[in-house]
Amino acid sequence: MTLALLGQGLAIGLVNGALYILTALGLTLIYGILHIVNFAHGEIYMLGAMLIYVLFVALQWPLPLAFAAIILLAVAAGLAVERGIFRGLRGQWMQLLVASVGISLIIQSLSWIAFGAQEKNVPSVLPGVLIIGGVRMPLERLAAAGVALVLVTGLYWLVYRTRIGLAMRAIEEDEETARMLGVNSDRVAAIAVALGFVLAALGGAFVAPIYSLNPGMGLEAILMSFIIIIIGGLGSITGTVLAGLLIGMLQSIGALILGAEAAHVLVFAAMIAVLVLRPQGLLGRA
Amino acid sequence: MSAVLTVQDISMRFGGLAALSEVSFEVGEGELTALVGPNGAGKSTLFNIIAGVFPPTAGRIELAGADVTGKSSHALARLGVARTFQLVTLFPDMTVEENVVQGLHRHTRLALFGGIFNTASYRADVARTTERARAVLALLGIEAHRNERAAELPLGIAKLLTVAIALATEPKLLLLDEPAAGLSLEESNRMMDLISGEVRKRCTVLLVEHNMRIVGRYCDRAVVLQFGRKIYDGRADGLVHDQAVVDAYLGVAEMA
Amino acid sequence: MSRPLLAALTFAAAALTALPSSAQESFKIGNLSPLSGPAAAFGIGINRGIELATEDVGTFTVAGKQYKLELVPYDTSLDPGKTVAALNRAILNDNVKYGFILGSGVHGAVLPIIRQHGFFDIFMGAMGKEITNPENPTVFRFMASSDQLYYTFTPEIYKKLNIKRVGFMGPNNDLGRADVRMLKDVAGRLKGQGVEFVGEELVEINAKDFQAALLRLLAKNPDAIDTNASPTGTVGLIAKQARELGYKGYFISSTAVLEAKALVGIAGRGADNIVAYRIWSTSPTKLYQEIADRHEKKYKEPTLGTVWEAYAATRWVVEAVQKAGSFDTKKVAEQLAGSSFQFHPYGPATWGGEKSHGIRRQIQTPLPASIIKDGKWEPLEVRMGVLE
Amino acid sequence: MKRFSVPLLLAVLVVLPFLAKPYALHVAIVVLFSVTYTAALYAVLRMGYLSLGHAGFIALGAYACVILSVRLGVSPWLGIPAGGLVAGLAAWGLGALTLRLRGIYFSLAVFAFGEIVTAFFRAFDWFGGPAGIPGVPRPSFFGTPLASHFAFYWLVLAVAVLGIGLLYRLQFTRFGATLLTLKSADSEKLAESVGIPAARYKTAAFVVSCAVTGCMGAVHAQYLLFVSPQVFTFLTSTDLLIYAMVGGLASFWGPILGAGVLTALGEQLFSVGYWKTLVYAAILMIVILVLPGGLIDLPRRLRARARAAIAAPEVR
């Protein structure tokens, strides 16, 4: 295998890892703060992608406007879900989990009805391929990876450098005490969920031009995200980043050397290894 | 008088700092001993080591001469050690009676077969267990509450129930973590009367307490810790006259 | 009411709620296909094909009685379990004797039931003699099978485009694996012309990212990548990502129903040099165009790929029923196998396959090959050989 | 009344095949499958563990039976206990590894397990690969295979009654009661302190649940005459959860009721594609939000409502 090939493989793994992170970030955030595994995450991701199609492609809106609209809708959806469903079930994790399954099923079936079964696609805004020393990288992927980087940094900043982040961590530690210290946990929860939804929607929106879209893409996304948070550890942003890159690399290098089939097995092997040796995930706390 | 519990040179370090250093003492058959000390003296740590929550860094724990250092808590339970928790811990969704029945676990047969086919002998066994549970409740004077949900009990009753559950295991050694904490004066008197009365008739008791009044009034012996070292080991009523203890407690605890 | 009792009654109710099947003079054609999920486009296309055919057939006479077509759809979402359940309902409850069943993967589960009840299976799927064979006399494949295409078409295309090195990329499922087997075999037979099979990549069924796998395949620099067995969207993605990695060669796709607009939409200029069988760059018949127009008018959507074949199948079966003068599936099967049909949108149709499958159950229609140039389908002048 | 209702339920089930059309029997069989799976799932749910991969155990049971009877020519009768055995053993291993994890960690671990099981069978052609294994033989009774719905119904009923009966009895034995002491981390600590070997109890319960699931999975494969990696998936697992939730977790009969109602309903919603999912999900959300006790709780609530109405008649 030539060096160029290996370099290409690494590049692919890195960028795909970034895409995985982009997909799983919101899931991690919501779990980290509310200990809710939000099954609806995949559907919000799907809606983000579909909305880019509807607004930017079908209705010809300018891109910034489309993104603004998506963010607003995501915030609204997040607040609505938190208010209407999550809040009432706080503390009953089983009900919460199954409720989020219900939400995702509803969104999914409605989307099949609304968007139909034909694959949609969003023409690339950044066509073209960047070539460095024989390694080729599509610009749109690089852009999405860049976005992932920005979002991760932004999230770190929010969680570790701001007052709202402090409140979030306080609630993560111990909701009761946080309340007593005057943290408005309802408000923080609402913000966290809204933020998680925005992250999911943005993930979908930025991945949209790279892949083709159908209402089933949410399920595929959530299954992959599960694998990532299992390996990385629930609620750990760093863990998600780590696991995302790990899986990206495993798949690309694995596929390059052993073939795609084997690479897929490798991912599961990694998951088993983690479950056996460190069930709470690489950076998770059990 | 043979020792039920022997604590031998127990040391415990968490990372850098030593929580306990070479603490040794014995608890004799039928004694009611108090483990005393200001907050952070290491009494809870020692208590947890004895109860098998975590093993010590060094030293050994013996039950009636047998080494039980680092045994898991359900292993210790089978050897006759029972405990209560500082924060009231119960089976919240069960009734008071069911709680005590669970306490009787090691005296019941699993009897899967009998249970599935609900054989006569199984039914008899269940009836017997219920009887014993009620007896324990009666002993602590809370049989009236036996059908109430544990989660809904007032603190006084709940604390008595924790003792009842532990007592139901029919332990040789009963470990009580601040049994009177958070109780009103008469509640705590009632609790301590029971412990020093009916309970100690049945088993040896080691309790953690920092209320000198209670220790002095109800216990035979006291072991006092400070900064993880033993500074007093002797008659409980001698406590208040011991200079080291007084210094340790100066202005800290209520010297009744 | 006590809880177990409640359970008892609802259970009884549940088990007995088998809706009575309507007993009026209608000839029911079932459609056991994915109507939801990623493959829904195929199933919905079949529904529409049947509906369009129903408009044209109107009422017809069998043994002196007037009948009209009635479509009974069942959603299988390509899940074998659900398909078995659907077929049970169709046969036992709705007394549907004729129906489309889509997907090779589900047939392993339904064939026993088909045989048991002599259900007339209008089979839409790629796999060849594994399914249409003498054991299953009432199973007719109304579309080209991959073996048919591989053995009669592929060699011609290789010759035409001077393709020597071929690789395969497809889903890691029964279809993908079967295709790899055939492709290798065909390549072996063509060794004389210097054709060589350079490698295969089987990827996860719902995979959307093929870069890594492609990288490995492209390292063996093939002239053509066979993307058989992949649905339209996937072919588009493979093309796009391969071009991004600097691949210049051809893509050859046959079983998937491809639509240029979708492909170009996904892959842009990368879609050029996608070759496909069964794509008509120019309407082969007036009927073909007419159906496309009616479809777009009626459903406000570009015509789904399965519409034409479903249309033809429906009309042909009805004709066979009329000729047979009975609804007995065995009789109709005999009648159909011996017949030819003038109203197939692709052109005159008949039955073949006795050599390759051991029974005349494989439809034979004119088939085109097309290639995308500048984002549009252009005809690729090759004639289909004969399947031995 | 209560005393007679279980016998009544059984009576209904026994009389059913003599009255019902074959299709109704098909529905009954499918309902019995999901009812059994859900009852088994409930045995784990009630100790505070939520399995996101129970379909994995159905698949294990199914494949064990199919491999034995198709590949190794063992009698289909043996396939059924074998399915239970394999699933039980798997549960034992998985339980030992993951039952010390609480809450969602366990759920995700089991989810991963379910995914791995299907990935495994898809990977090896000897296990049928992605296409699966057709031609699964059914057990025969005195030489005649249980081909008709009528004949096969009895087999399914037998396994269901045995399985559910076992789970039912276990729940109300001392064993079942002790399991409830493991519901939360705190009460588990207390349980340990009175000598309850928590890990062993949890594993035992998990094994029983999965063994029952596996046995039924084997019968399921025999009913379908086929098994493939696509049959029992993650979506099957979530369906079971929905059944349990909709039925209500407060009582043993809740999940059974939920599974029965929703499965039977599903059989009526074939033609509607996406709407079926929508109906399911809508019912689920309504129950979770306005009927936390589940369907099983409905009669009690209505009675309570009625009593309230009598007590305080509306004032205009």
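Here the chain labels run A, B, C and D in written order, and each chain numbers its own residues starting at 1.
Simple rule for what comes next: contacts are C-beta pairs under 8 Å (C-beta built on N, C-alpha and C of every residue); 3 or more make two chains touch, one makes a residue touch a chain.
Values in this document were obtained by computation on a predicted structure and should not be read as measured data.
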Smallest count of steps, each to a touching chain, taking chain B to chain C: 2
Centroid comparison with chain D (C-alpha atoms), farthest chain: B
Chain nearest the overall C-alpha centroid of the shown protein atoms: D
Two chains sharing the most contacts, counting C-beta pairs only: C-D
Centre-to-centre distance between chain D and chain C (centres being mean Cα positions), rounded to whole Å: 35
Between chain D and chain A, distance of the C-alpha-averaged centres to the nearest whole Å: 32
Between chain D and chain B, distance of the C-alpha-averaged centres to the nearest whole Å: 42
Per-residue multi-chain contacts in chain D, two or more chains: 273-274, 277
Where chain A touches two or more other chains at once, by residue number: 109, 112, 261, 264
Residue numbers of chain C (touch at least two other chains): 36, 40, 172
Category of the chain touch graph - line, ring, star, complete, other: other
Contacting chain pairs - touch in the sense defined above: A-C, A-D, B-D, C-D
Residue ranges of chain D touching chain B (in the complex, touch as defined): 166, 169-170, 173-175, 177-178, 180-181, 183-184, 186-187, 189-198
Of chain C, residues touching chain A in the complex: 36-41, 44, 172, 201-204, 206-213, 215-216, 219, 231-234, 236-237, 244-246, 262, 265-266, 268, 301-302, 304
Partner chain C, residues of chain D touching it in the complex: 1-2, 4-6, 8-9, 12-13, 16, 19-28, 30-31, 35, 122, 129-135, 147, 149, 224-226, 228, 230-233, 251, 253-254, 256-257, 260-261, 263-265, 267-268, 270-274, 276-277, 296, 299
Complex contact set, residues of chain A against chain C: 1, 5, 8-9, 12-13, 16, 19, 109, 112, 116-119, 121, 123-124, 127, 129, 136, 138, 211-212, 214, 216-217, 220, 251-256, 259-261, 263-264
Interface residues, chain B side, partner chain D - complex: 51, 72-74, 77-78, 82-83, 85, 89-94, 98, 101-103, 105-106, 108, 110-112, 115-118, 122, 126, 129, 165-166, 168-169
